[in-house]
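As written, the chain order gives the labels A, B and C, with residue 1 at the start of each chain.
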């Protein structure tokens, strides 16, 4: 047993300095900002303390639009991506040949620049005077009239955003689910096979209960991640998301902070705290649901 | 029971199942790969040919590298690249220093308050970056560090998750090694450098790569903190391209730039595939 | 129902550069398991006994050879249609289901005409639980049970569907020593009362000897010997079997046959009339030694282990394969040795001779 080594603090010092300056202090500060009414960035003055910033943000149509977009995105992409990744992971764990190749391919979106691939999605879906784009070409085979997915109707834009979001989040989910599936002791499957259990029953009665903690983990992190959506939207619709009507809550925060409409850290702070409260609430609900359904 | 029939039915079912499984897997592989294919394909199409395609062509018989030349000459792509490399390397190096020291303190040294601080650190993992970015933006602006590497790098350095990951690995090293080194008169720092880091090299490499990926793809902070294109990172450069669009919507040149920007990470990934995937599976998350 | 294994061979394909040759796990395995018997597959790890069990259950398919359940050729039949009950080494109880749900699980899989009502399933589960005496534990989850109780649940789950044969993979290896004794009696009792043809796999010879009707000794995928435990012990076919069975293990010496006598270390210790001169390995069971003041086999005395009824005399001999010879003698016979040496006479029926090179038995 070593004696006390106060120099341990010395080793921690850099980490604590960085975290203190760029994580803890800002956390406190953001709450202060959100309560300072009429804060002026240039003169650093404010004329009151109160909840005005919150009420302003909550009445701002851009913010409400952003909330609507974000919620839609969350509600669509989390179940779709979780379900799809579960399906693909199951398929992946049931084969042996080419498995590594598939796994490698599936992970690619994780390591690519969101902005860069977003541009590719944009040109696939965009209608220009020169071409209807590849997506519309495919749709035309089914007799669908061309749609501008990037500058067109709201639902089309939302569809592309959801597609792209799902494409981006799948690698992480597939990776986590395949490793969860691999950790299920194969003798359970052998035991079930001996007893003549059907594939579907094996899935619902054995596999799913056994990986349920992982599935809930993915749902929870999926919710959190989707609520923070921003750069995918920027990649598809450009920086002026308000104009495109496709802003997200995080996008609204950054726009308030900086950019054409920026310079209002107080509004940004209030919006950030509202977002934090939403995410916290949803996470708590998720956790309480998962407690009820995860048995061991 | 007719065994032959049973047997045959089971075999057929297995075959059909296999076929369906591979179809699904291949479909998704196609969905993942297609944007990459389209990216590369468009980047080698000629500007004129691309704009003349009312119906998009799925291949080209007349590939060209002109777009790559344009990507580097008409926009300062090389500059963005260099900025990103500097940013990624400096941030990662600083992160490693801070992380290794902290992980060493948490795993090896004994001092009062250690457990409390560690728990506090872990709880920091739950703080969303959106909350703190506002003040950081104000801080950096007030320190007059906008459009500097210092301003870009400093707030991006610490990642509690990496401290946690490395601490877990450090803790697995048996205490006896430390006592043996102490008996031989090895200093703590030398022990850290000569024993712990070599033993935990896999984890060190993993967090290094994950951090480089994170830096390479970071967009929000650089966008807030730089408005001078000479400090743009690749993400911001791409966004700039999207807004201005290479003059006359030169999509092939844009795609060439996108290929150039995506390639390094894909190569890195293909080299360190196992380590990256194992590291991410341990709980890493994007963003 | 008799179970017949006919020329079963199972090869696993080689894996890449490190192991280019296919691995033969089971080679030309032919054996007939008579109806209602308890058969122990016995051998060191890697001898192919678990593979044989998997071939029986259908989890693995043989490379060649046939398997018959009675008259039915089940070789290509998938496991769910074979009607086998299998108890896994780690029990494979579903951790999220209660004991009752675990036991009824196989019954719920039945479809069509065979479909059972809830009440029928509950009744069958209760009967199976009673058989293994766990009826009070029905609402617990496996995590709340001891190892022995889990083992019983696993057996109940295998029995509840009235299997044609019951297979047990290392049924006692996860239990502590005390439970092991108790559980092996339990397995014997359950097998007797149900009369189901049962095959179990073990690497522990004592376990196999104590409860099996028949044992099959395997090595490197090949059957070495089959038969009733006592018969195999008393008449081993080769040196491997002789060494594998018996505790303490058999004592093997390098010896020579010269002029119809067995020589160990220059002394003629046993008459072997009619055997040609040759080098042999002579193996003597621990109970094959008789301490005698003028016995022909002279060993260096090393000590005595007293075990109550019996005494083990420890000694050494230059031609013995191991450093210590263990001779078990009754306490009465164990006269204190005179000086540094102890002399033994050998009981002819406890001495086995084997070819020095092949290890095959030489009968005399």
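Basically, contacts are C-beta pairs under 8 Å (C-beta built on N, C-alpha and C of every residue); 3 or more make two chains touch, one makes a residue touch a chain.
Quick caveat: nothing in here was measured; it's all calculated off a predicted structure.
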item: B-C against A-B, pair bridged by the larger set of C-beta contacts; value: A-B
item: Label of the chain whose CA centroid is most distant from the centroid of chain A; value: C
item: Gap in Å, rounded to a whole number, between the CA centres of chain C and chain B; value: 55
item: Centre-to-centre distance between chain B and chain A (centres being mean Cα positions), rounded to whole Å; value: 16
item: Touching two or more other chains - residue numbers and ranges from chain C; value: 78, 81
item: Residues of chain A touching at least two other chains; value: none
item: Complex contacts: residues of chain A adjacent to chain C; value: 185, 187-188, 190-198, 201, 205-206, 209-210, 295-296
item: Chain B - residues contacting chain C, complex; value: 1, 3, 6-7, 10
item: Contact set on chain C toward chain A in their complex; value: 57-59, 78-81, 84-86, 88-90, 92, 94-97, 105-106, 108-110, 141, 143, 157, 161
item: Touch list for chain A against partner chain B, complex; value: 1-9, 11-12, 14-16, 18-19, 21-27, 29-30, 33, 41, 87-88, 91-92, 94-95, 98, 102-117, 119-124, 128, 130-134, 137, 167-170, 172, 175-176, 179, 199, 221, 224-225, 228, 230-231, 234-235, 238-239, 250, 253-254, 257-258, 265, 268-269, 272-273, 275-276, 279
item: Chain B partner contacts - residues on chain C that touch it in the complex; value: 72-74, 76-78, 81
